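Look for chain A in each of the two complexes below; its partner is chain B in the first and chain C in the second.
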Partner chain A sequence: MQADRKTRRRRRLKLGNAVNATLVLALGFTTMVGLISPADSTVGVTADIFLQLAGVLAAVAVLVGVSNLLFVHLGRLPRVRKGGFYSLVVILSAAAVTAVHVLDRTDAWGGDLEGEKVGPRLFGVIQVTLESALAGLVFFFLVYAAYRLMRHRVTWANLVFLAAVLIVLVGWLPLKDWEGAGDVRDWLMEIPVTAGSRGLLIGIGLGTVTVGVRVLLGRERAYREP
Partner chain B sequence: MANENTYFWLIITLAFVMTVLSGTISSRRRRLPTLRPIPGYEAMPRAVDESIESDRRLHLSPGSAAVGQTSTITAIAATSIIYALTERQSFLNRSPLVTLTDPVTMAMTNDLLRKAYMARENLTAYRSRVVSWFPQGQNSVAFGAGAAIRAKSMDTSSHIMVGEFGPELAFIGEVSMRFRQNFVAASTNLEGQAIAYVQSDAPLIGEEIFVGSAYLEPQSTTFAGGVVALDALRWAIIIAIIIAAIVNA
Partner chain C sequence: MTVENLDLIAGWAGLVLTLMVFSYLLADNFLYRIAVHVLIGTAAAYIAIAAVEEVLLPWLRATVFSDDAETSASIRALGVLPIFLGVLLLLKTSPRFARMGNLGTVFMIGIGTGVALVGAVIGTVLPLARDASNSFDHESVLNGAILLVGTLCTLVYFQYLSRRRSDVNRVHIRTLRFVGQGFVTLTLGALYASAILTSLSIFSSVIQDQLRFILDQLGG
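Right after this comes the complex of A and B.
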C-alpha cells in the first residue's frame, strides 16, 4: 500500500517535470525567435510580453530579498552575540533609507533641503565614499596575492603573470628614462592582453550557448524534482 | 552574404545537434566521454569533504550573476555547481552558506538547496536563511566585504566562488588567505577572473565555469553531452578564425 503510494507520488513528480520542461521549451523558443524577429510581428510582441513579465517578477523578487535581509538580521538580534550590533545598524539603516526615500517622493523636506533629493546625496556621501575607500585596498590585496602565488607554486604561467604585472606597473611610472617600458606596456595591452581577453570572452560565449541549449532542452535541474 | 542572424542560428543549431547527439550516443553505449582533469573541479569535492570532516560550513556564491539579466546562464551554471556541492554534504544537518546579490537567483538557489536536501531525504536540515542576499548589484565592493565577514562569522572552511564577480572578489580571497581557508574562484567578468586566477588555490578559467555539472555529477549523459558540444563549438570557432585569417591575408 505504502509502496503503491510512493510509486504514484514518483509518477506525479515526473508528470510535473514534463509540464515544467514543456513550458520552458515553448516559452524559451518563442522568446528566442521573438528577439530576432521584427518587433511588430506576433512572435516579437509575444516575446516582449514575456520579457515584461520577467521584469515584473524581478521587481517582486527584490521584496523577497529585502525580507530575507531583514529576517536574517532580526533573527540575530534577540541572541546578543558577536555581530549583533551590526545587525541592528543594518536594520536601522534600512528603516532610515526607506523613510528618506518616502520623504523625497513626497517633497516633504523644508528649509535648506526644500526641493532637494536627500536619498541620492546620502548615497554619494556614504556609500560611494565607503566603496571607493575599499576599492583602494584591492591593489594591496592583489600584490600580496601575487607574492603568495609565487611562494605557493612557481610555474611558467605564474612567472609570465608576474612579469606582465611588473611591466605594466613600471610602464605607468612617469619617468623620462623609462619611456621604453611604456611602449612595452602599450604593446602588451594591445596585443597579448586583447587577444587573451577575446579568447576568454569567446569561450564564455560558447559556454553560455551550450548551457542555454541545455536549458531549452528542459534538462536543467531548476525545473526538475530530484 | 550571411548576416548576424545566420551565424546565431548556425551556432545554436550546432550546439543543439552536438548536445543531443553526444548525450544519446553516451547513454546508448553506457559509456561517458573521458573528461580532461580541471584543477578547480578536483579541488571542489575535496573542499566539501574537508568541511564535513572539520564540521564547518562551506561558503558558496554565484556573485552578482542574475537570473533575468545578461548573466542568466552564468547564474544557472553557478547554481548547478552549488546544487552538486550541497547534495554531496546534504546528509549533514549543517547547511552551506550562500551569498549573492540578485533576489531572483536567491529564490532559485533556495529551491535548489531544498532539492539537494530532498535528494538525500534530509529535508528537515534545510534552512532557507543560509542564503544571504546583499542588495548591491554588480561589482559591489560592499558585497565582497560583507560576504567575507558573514563567511567568517559562520565559521566556513572553504570559499567556492563561481559566477560573476569583479574586483570585490579580492576581499573574499584575502580573508581566505588570512584564515588559511580553501579558495576556488572563477568569474565571467575579466577583472574578476584575473583576481580569481591570482588568489585561487586551484583556478578555473573562461568556459570551464559552464561544465561544472559534468565534472561534479559525472554520471549524467546530458551534462557530458554539453561538454562535447562545447568542444565541438570551440573547434568550429578555431577553424573559422583560421580560415578567415587565411582568406583575409
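Right after this comes the complex of A and C.
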C-alpha cells in the first residue's frame, strides 16, 4: 500500500517536471523566435507580451524579496545580541524612506517645505553617499590584494598580471619624462587586452548559449522538483 | 524647517555616514555595520517603491483597472496573471506547497532563457566573432595577428581547461593554452588596474565633497 503511494507520488513528481520543462521550452522558444521576427508579426507580438509579463513578474518577485528581507529582520528583533539592533536599523531605514515617499506623494509637507520633494534629497544623502563611500573603500582592498598576491607565491602568471597592472597605472600618470609609458599603456589596452577581452566575452556568450540550450531541453534543475 | 536647514542636515548626515564607512579601515566595527544596514534598509525601500510605481501601478492601470471601455475581459485577466504568478512565488517558502511556486519560476526562466540566447548570439558572439575576423582591417599586420591569435588562444585556454581528455596534453594544445593564459592574465591585470583607478577617482571625489562641505561650514 505504502509502496503504491510512493510510486504514485514519484509519477506525479515526474509529471510536474515534464509540465515545467514543456512550459519552459514553449516560452523560451516563442520568445526567441519572436525577438528575431518582425515586431508586428503574431509571434513578435506574443514575445512582446511575454516580455511585459516577465517584467511585471520580476517586479512582484522584487516585492516578495523585499518583504522576505523585512520579515527576516523583524524575526531577529528580539535577539539583541545576535544582531537584533542592526535589524532594527534596517527596518527603521526602510520605514523612513517609505514614510518620506508617502509624504512626498501626498504633498503633506507644510511651511517652507511645501511643494518640495524630500525623497530625492534623502536618496542623494543616504544612498549616493553610502554607495560612493563603499566604492571608495574598495580602492584600499584592491591595492592590498595586489600586494598580497606577490607575497603569497611568485609565478610567471602573477608577474604578468602585476606587470599589466603597473603598466596601466604608470601609463595613467601625467609624467613628462615618461611619455613612452602612456604609449605602451595605450598599445596594451588596444591590442592584447582587446584580444583577451574579446576571447573572454565570446567564451561567456558561448557559455550562455550552452546553458540556455540545456535549460530549454530540461537538463538544468533550477525549476525541477526534487 | 527651511530648505537650507534641510540641506545642512543632509550635509552633516552625509559626512557622518561617510566617516562611519571609512571607519572600516581601522577595523570591522559597530559604526561601519550600522552604515551598511542603513544602506540595506534604504536600498530595499527604494527598490520596492520603484517596482510599485514604475512597473506594477502602470501595468494594473493599463490592464485590470483600465478606464477604456474597449478593454476586453481577457486583457484584464492577463493583467492579473503576473501578479498571481508572483504571489505563487511566496509558496516556495513552504516545503509542502513549493511545487506551486515553481510555476512563477518556470515563466521567468523560460522567457529569460529566450532573451539570453538571442542576446548572447546576436549581441555578443556574432559581433565579436566578426570583429575578430576583421582584425587586420584597421591595424598593422603584427597588431592584427596579435588580436586574432590572442582571441583564439583565449578561447582555446578556456575550452581545454574544462576538459580532461588525453589530447589536452599534446604539445601544440599546451602551447596555445600557455599563450591564451598569458592574454587572459594581461587582460585581467589591465581590468584590475582600471578598477583601482576607478575606485581611486570615486574615493578622491568623496573626500573632495566632504572637505568642501567642512570648509563651507568653517567659512560660513
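Here, the second predicted complex is superposed on the first by the 225 of 226 C-alpha atoms of A that agree within 3 Å, B and C clash if a C-alpha of one lies under 4 Å from a C-alpha of the other, contacts with A are read in each partner's own complex, and residues count from 1 in each chain.
Going forward, a residue touches a chain if its C-beta (ideal position, glycine included) is under 8 Å from a C-beta of that chain, and two chains touch if they have at least 3 such contacts.
Small disclaimer: the values here were computed from a predicted structure and weren't measured.
Once the two complexes are laid over each other on the shared chain, residue contacts for A:219 go to chain B alone; chain C is not touched.
In the superposed pair of complexes, A:46 makes contact with neither chain B nor chain C.
Ranking chain B and chain C by residues of chain A touched puts C first. Once the two complexes are laid over each other on the shared chain, residue contacts for A:209 go to chain B and to chain C alike. In the superposition on chain A, contact is made by A:148 with chain B only, not with chain C.
In the superposed model, A:56 lies in contact with chain C only, and not with chain B.
In the superposition on chain A, A:200 makes contact with both chain B and chain C. When the two structures are aligned on the shared chain, A:72 is found in touch with chain B, with no touch to chain C. Looking at the shared chain after the overlay, A:36 reaches both chain B and chain C. In the superposition on the C-alpha atoms of chain A, the part of chain A touched by chain B in one complex and by chain C in the other spans residues 32, 36, 54-55, 57-58, 61-64, 66, 68-69, 127, 130-131, 134-135, 137-138, 142, 146, 161, 197, 199-204, 206, 208-209, 212-213, 215-216, 222, 225. Residues of chain C that touch chain A in their complex: 1-3, 6-7, 10-11, 13-14, 17-18, 21-22, 24-25, 33-49, 51-52, 55-56, 59, 78, 81-83, 85-87, 89-90, 93, 99, 102-122, 124-125, 128-129, 131-132, 139, 143, 146-155, 157-158, 180-200, 202-203, 205-207.
Interface residues of chain B facing chain A in the complex, by the touch rule stated above, are 5, 8, 11-12, 15-16, 19-20, 68, 73-74, 76-77, 79-80, 83, 102-104, 106-108, 111-112, 115-116, 118-119, 128-129, 131-133, 135, 140-142, 144-145, 149, 153, 167, 170-171, 173-174, 177, 188, 190, 193, 195, 197-199, 201, 205-211, 222-223, 226, 229-230, 233-234, 237. Partner chain B is touched in their complex by these residues of chain A: 32, 36, 54-55, 57-58, 61-66, 68-69, 71-72, 75, 82-83, 127, 130-131, 134-135, 137-138, 141-142, 144-146, 148-149, 152, 161, 197, 199-204, 206-217, 219-222, 225-226. On chain A, the positions that touch chain C within their shared complex are 16, 20, 23-32, 34-36, 47, 49-64, 66, 68-70, 86-87, 89-98, 101, 111-113, 116, 118, 121-127, 129-140, 142-143, 146, 157, 160-169, 172, 188-206, 208-209, 212-213, 215-216, 222-223, 225.
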